[in-house]
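Labels A, B, C and D are assigned to the chains in the order they are written; within every chain, residues are numbered from 1.
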Amino acid sequence: MVSNLDKICEKINSDKFSKFMGIQLLELREGYSKMAMTVTENMLNFHNMAHGGAIFALADAAFAAASNSHGQTSVALCMNINYRSPANKGMRLVAECFEESLGKRTALYRIEVRSDDGKLIALSQGTVYRKDEELV
Amino acid sequence: MVSNLDKICEKINSDKFSKFMGIQLLELREGYSKMAMTVTENMLNFHNMAHGGAIFALADAAFAAASNSHGQTSVALCMNINYRSPANKGMRLVAECFEESLGKRTALYRIEVRSDDGKLIALSQGTVYRKDEELV
Amino acid sequence: MVSNLDKICEKINSDKFSKFMGIQLLELREGYSKMAMTVTENMLNFHNMAHGGAIFALADAAFAAASNSHGQTSVALCMNINYRSPANKGMRLVAECFEESLGKRTALYRIEVRSDDGKLIALSQGTVYRKDEELV
Amino acid sequence: MVSNLDKICEKINSDKFSKFMGIQLLELREGYSKMAMTVTENMLNFHNMAHGGAIFALADAAFAAASNSHGQTSVALCMNINYRSPANKGMRLVAECFEESLGKRTALYRIEVRSDDGKLIALSQGTVYRKDEELV
């Protein structure tokens, strides 16, 4: 039998932008997700470091996964990102998203992006609006 | 003769992630930039709308262009994004970045992402740290 | 006859924290507010400048006024503030709040805090959740 | 002998706005602070709940204490706040500030504001600019 979380995983894995960016879902639980991405040549900015948009894409993918993990369709309202350390080509980045607070209509998440060796690359907080729709 | 702004334009146009995302620089002045991107199939999320990360990528590219337009290397410290309206496949998005405040060490920008017909898709503010390095 | 906006003004003027901080409502229209506050000795931080919390209080008061100006009870979900210039004792600060986007359930605002002579002290963006309740 | 941290504590305790708001420093270590404030009648907004500005004041006081705890003068650049639960008159709020990342020029903090019984009231992230000045 396929559990609801399995169906949600499948839904999250259907994300085309994540595929395009090489973002992989490593783990999904209710209110938590873990995702990884390797910085490719395509993701470099004009300073030759990982583009802030590429780092954010990983953080946002983890945010979307965790916030939709309860099976209720959730959409991002606001998100911030603090960049703490540059990421280079070839670096494998891991994003973990933690649920800070779950309300009926809104919920708040923390997203950490770290390099393979645990260095903090970027840190985000994001709030979603939770719709009256089931995800799957 | 090639002006400094031309050299900065060239530098900004060397951005690989922007190329990967189909982001085009439309206009660059000191403290201002305008960029465009069309939402492709590759940029859709699992709700089949433009991924927040793709929209942010456009905003961030405009932010990087405007904040580096003075020729002093600038790197993002913090940025927020507020999502106001979903964007669909095929939609052409335009981002404009305005300088709100320019300091010696830091500067603040506003980035608007709008659809072709002027609808507000997302709104950002971002602060950069200005290094003691010339960009070109 | 008392208009609805008059009643909303009265409600906003009943705010005790604004009174405590000496914050005055100068102008209120649907989706817009203007408020002022003078930096007193009580508002200084340990650097002897206006405390970030005091500056934010003014911004937040303007945000609350503008976001409740339609007569629908609105509560802040997320807000950011960027500090751009210090404020000294005796300085009169003016905050203006502009509606960037009004949705059914959420709305987005921009708040500028300036000194009397127009210098940008701080800049904020904030998103409210709009409840199914009338304010007055 | 008076340690440097004692002198920093004394400096932080000289904060006039914190005194005005009844904010108390409970604990200070390098990169960490804990502060408390009781919601008084003066801190209520026009919804008769604790004003967002009053809650932010506590968070900001903790942020200032922790970010200046190394003895290097630090000033806030950007800060966000997410409001998760209302606070009532008489409620005692505790803010804890944790250092997420310490750089030479900038540093990032997380600030939690909770009620006495541990409920999350608000959550913030803030980045400071670290000046070439000693605090004491």
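One rule holds for everything that comes next: a residue touches a chain if its C-beta (ideal position, glycine included) is under 8 Å from a C-beta of that chain, and two chains touch if they have at least 3 such contacts.
Computed from a prediction, not measured in an experiment: that's the story for all the values here.
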| item | value |
| --- | --- |
| Of B-D and C-D, whichever chain pair has more C-beta contact pairs | C-D |
| Chain at maximum distance from subunit C, centres defined as averaged CA atoms | A |
| Distance between the centres, which are taken as Cα means, of subunit D and subunit B, whole angstrom | 33 |
| Where subunit A and subunit D are represented by their mean Cα positions, the distance between them in whole Å | 29 |
| Euclidean distance of C-alpha centroids - subunit C vs subunit D, Å | 21 |
| In subunit B, residues with contacts to at least two other chains | 77-78, 80, 82, 127 |
| List of subunit D residues in touch with subunit A within their complex | 80, 82, 84-85, 100-101, 103, 108, 120, 123, 125, 127 |
| Subunit C contact footprint on subunit A (complex, rising order) | 77-78, 80, 105-106, 127, 129 |
| Partner subunit D, residues of subunit C touching it in the complex | 11-12, 14-21, 41-47, 51-54, 56-61, 63-64, 68, 73, 75-83, 86 |
